[in-house]
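There are structures below to look over.
Two complexes come next, and they have one chain in common, chain A, joined by chain B in the first and chain C in the second.
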Partner chain A sequence: MHVPDGFLDAPTSVATGVVAAVGIGLALRGARRELDDRTAPLAGLVATFIFATQMLNFPIGAGTSGHLIGGALAAVLVGPATALLCMSVVFLVQCLLFADGGITALGTNIFLMGIVTVVVGWAVFRGLQMVLPQRVSSVPAAAAGAALVSVPVAALAFVGLYAVGGTVDIPLAGLTAAMLSVHALIGLGEAAITFLAVGSIVAVRPDLVYGARRVLATRSLVLRTAGR
Partner chain B sequence: MKRPVSTRLLVVAGVLVALLLAGVASFYASGDPDGLTKVSEDRGFAQTEKEHQAGDGPLAGYETRGIADGRLSGGLAGVLGSLVVLTIAGGGALVVRRRRTSAEA
Partner chain C sequence: MGAPHGHKLHFHGHSWLHRLPAHVKLVALVAFMLTVVATPRDWYPVFAGYFLMLVALVAISHVPPTYLAKRMVVEVPFVVFAALLPFVATGPQVEVLGLSLSEQGLLGAWGLLVKGTLGVLASLLLAATTEPGALLAGLERLRMPPLLVQIMGFMIRYLDVVTDELRRMHVARESRGFSARDPRQWPVIAKSAGVLFIRSYERGERVHLAMLSRGYDGRMPR
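Right, the complex of A and B next:
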């Protein structure tokens, strides 16, 4: 979903740039609470994995492809604030070194694929965690649900930006339908990759997974009580 | 109880997987336009895209300039990009994290 230069007008690009900068500022403060000596190494891995996986476009039919965005994945693994920082590094490198995503659209891309997918992904993940069984094994499923929802919501957010600052006038109903249908399919791929990636880490080191902390804390509390 | 995998082993194994994905698997990725690009073509705003100002960089378009072989050119670009991201994000996380023995050191 990398937005190139020219799709959105200058005021909209500046506005998303400001939102992205504020988001990164808040995330730098928040990440201090999420990262400690033990979990910090995971952040580098998560950003690298997302960069690599974003190169893997999978076909979704009708001559169209999609790739993982990774915002929900990152939020579950390292926490939402750290996730936004990881995503921003990926978009910055893609934009400057690989000419993927416009330079004037960097703020837009950090907003759409960073802030929106991380915030929506984390909110859906927490919501699902409340209704699913309070077990570590629920974490990959909740993450997949979060990933599934995060992609079409980011697509809708693009439509919203286009409605405000698109450089040509096109019917918004058609744009909305096209963006939603394509990105609902891409969301399925996003969910599958997220399930596998979160599942792999949860299987070997659930204690490193930010989204599993709450369940693990409950579990150890129960064990201690039972041991008395 | 089985001994847990060390964080170091997990991160090293994970980075190796990422390097394989970016360096080898990426060659087999779909070359079709992605969701937004396709929608922009179908809905008539693809032509508003402006040329990328870093479009002539050595790794632009996920290809390494000067290497003709597509597999090598794309794979090398993917590996280099992964290492750059790892350096910035990994280094950044070490700077931002809470240290066990606060900042006196």
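Right, the complex of A and C next:
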């Protein structure tokens, strides 16, 4: 859920806004490296994809459903810098055109669900890639790990922000426990769906997956002759 | 988990508020909301003043109040959270209707509700009176980096195309007897997400080529 106006006090909102602005500034440079002059149309379409994916509901049972945050998924699919730009634009559009998430909490939302999930997701993904066998088939597993870790870390970051700039005193131990247990579950769902989605993309167009490029580059052509 | 997105919030009109340049409205929205957030939550008359101000603006804009009211559903998640606050917050307790509630929590819930609601209402009013194109121009005038403006422009332009694609895939799934009830159906839905990514990415590549063939050099023509 998006942080609304008035949830965190003004200094914290402004501080996260500055962090988000710096993060976007760095990502603007990085995205040029990942996509060169294709940045604008491709990042725009990927942002639209992320927005649409957040509308895709996954049934949990008993009539309830959830949806992806998509930070780790985006980082694996298009690279961390482009992913950060896409996530930021998604939150900006949701805030300005759909009134979802407060305008003063925009920096907070970009920081928590954009920067934290993308950076943590990408770091975990690269870490797992070094450990797992260098095969295309291990890309979805690494992506799942990234999604699994990124969600509870974002929840922890929220608790940290709340401890600094929360407007209501809630016992922090209780808040931490509640946020972590709920988001560990959400993380499991995010991991399962990220695994399945990345798996289906890698099976059809592995060349589109940024996180698979390193593995694809080392793959050599194997000739199999029939009948032998 | 926000409420479903997917409908444009713009309400066509020609009021003074509609005609006001987008960058002025954006700056006003940010300034207004920062003031609201910084206002101590027990200054009750001041909040009444803020609310009356917004009501006056809604009246000027000729956007029907029911139109805005329907779209206030995006605030449901944090209303639920606010309703829980009096039960979990610490501090002195008060007795309300036989329930022992935290005084701090009640005040906090009030603060969250009133500030959040003012925020949603003000943002809805901006969305209702500003066309997406004007919003982009406004952001550009406010010195948002051009690349970010371009990305946002493409996102807004293809928002309906991609969400329609998602809806067609949904109709296709359902018409083949698929119904999503529990996690056993996740592989199918996740594959739809995968296909949507491939289609979106390839559309991006086609758009880029189309732009190059029309002389695109990294900057948008005016």
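Assume the second predicted complex is superposed on the first by the 198 of 228 C-alpha atoms of A that agree within 3 Å, B and C clash if a C-alpha of one lies under 4 Å from a C-alpha of the other, contacts with A are read in each partner's own complex, and residues count from 1 in each chain.
Operating definition for what follows: contacts are C-beta pairs under 8 Å (C-beta built on N, C-alpha and C of every residue); 3 or more make two chains touch, one makes a residue touch a chain.
Predicted, not measured: the structure shown is a model, and the values here were computed from it.
A.B. asks: Is A:S13 contacted by the first partner chain B, the second partner chain C, both or neither?
C.D. replies: second
A.B. asks: Going by the contact rule set out at the top, does A:I24 touch chain B (first), chain C (second), both, or neither?
C.D. replies: second
A.B. asks: Applying the document's definition of touch, where does A:P133 land relative to chain B and chain C: first, second, both, or neither?
C.D. replies: neither
A.B. asks: In the overlay, answer first, second, both or neither for which of chain B and chain C A:F51 touches.
C.D. replies: Both partners, chain B and chain C.
A.B. asks: Is A:V182 contacted by the first partner chain B, the second partner chain C, both or neither?
C.D. replies: Only chain B is touched by A:V182; chain C is not.
A.B. asks: Quick check for you: in the superposed arrangement, does A:H2 touch first (chain B), second (chain C), both or neither?
C.D. replies: Touch status of A:H2: both partners.
A.B. asks: Look at A:A155 in the shared chain and tell me whether it touches chain B only, chain C only, both, or neither; answer first, second, both or neither.
C.D. replies: first
A.B. asks: Using the superposition described at the top, list the residues of chain A that contact chain B and also contact chain C.
C.D. replies: Residues 1-2, 4-7, 28, 31, 37-49, 51-53, 55-60, 65-67, 85-86, 89-90, 92-100, 102-103, 167-168, 170, 174, 201, 204-205, 208, which sit in both footprints.
A.B. asks: Please output the residues of chain C touching chain A within their complex, sorted ascending.
C.D. replies: Per the touch definition, chain C meets chain A at residues 1-6, 8-9, 26, 29-30, 33-34, 36-38, 41, 71, 74-75, 77-78, 81, 85, 88-91, 104-105, 107-109, 111-112, 114-116, 118-120, 122-124, 126-127, 132, 135, 145, 147-148, 150-159, 161-163, 165-166, 180-183, 185-187, 189-198, 200-201, 203-205, 207-208, 211, 216-218, 220.
A.B. asks: For chain B, which residues count as touching chain A in their complex?
C.D. replies: Residues of chain B touching chain A: 4-5, 7-8, 10-11, 14-15, 17-19, 21-22, 25-26, 29-36, 38-40, 42-45, 48-55, 57, 59-62, 77-78, 80-82, 84-86, 88-94, 96-100.
A.B. asks: For chain A, which residues count as touching chain C in their complex?
C.D. replies: 1-2, 4-7, 9-10, 13, 24-25, 28, 31, 37-49, 51-61, 65-68, 77, 85-86, 88-90, 92-104, 167-171, 174, 192-193, 195-201, 204-205, 208
A.B. asks: Can you tell me which positions in chain A touch chain B when the two form their complex?
C.D. replies: 1-7, 28, 31-33, 35-49, 51-53, 55-60, 62-67, 82, 85-86, 89-90, 92-100, 102-103, 155, 158, 166-168, 170, 174-175, 178-179, 182-183, 186, 201, 204-205, 207-208
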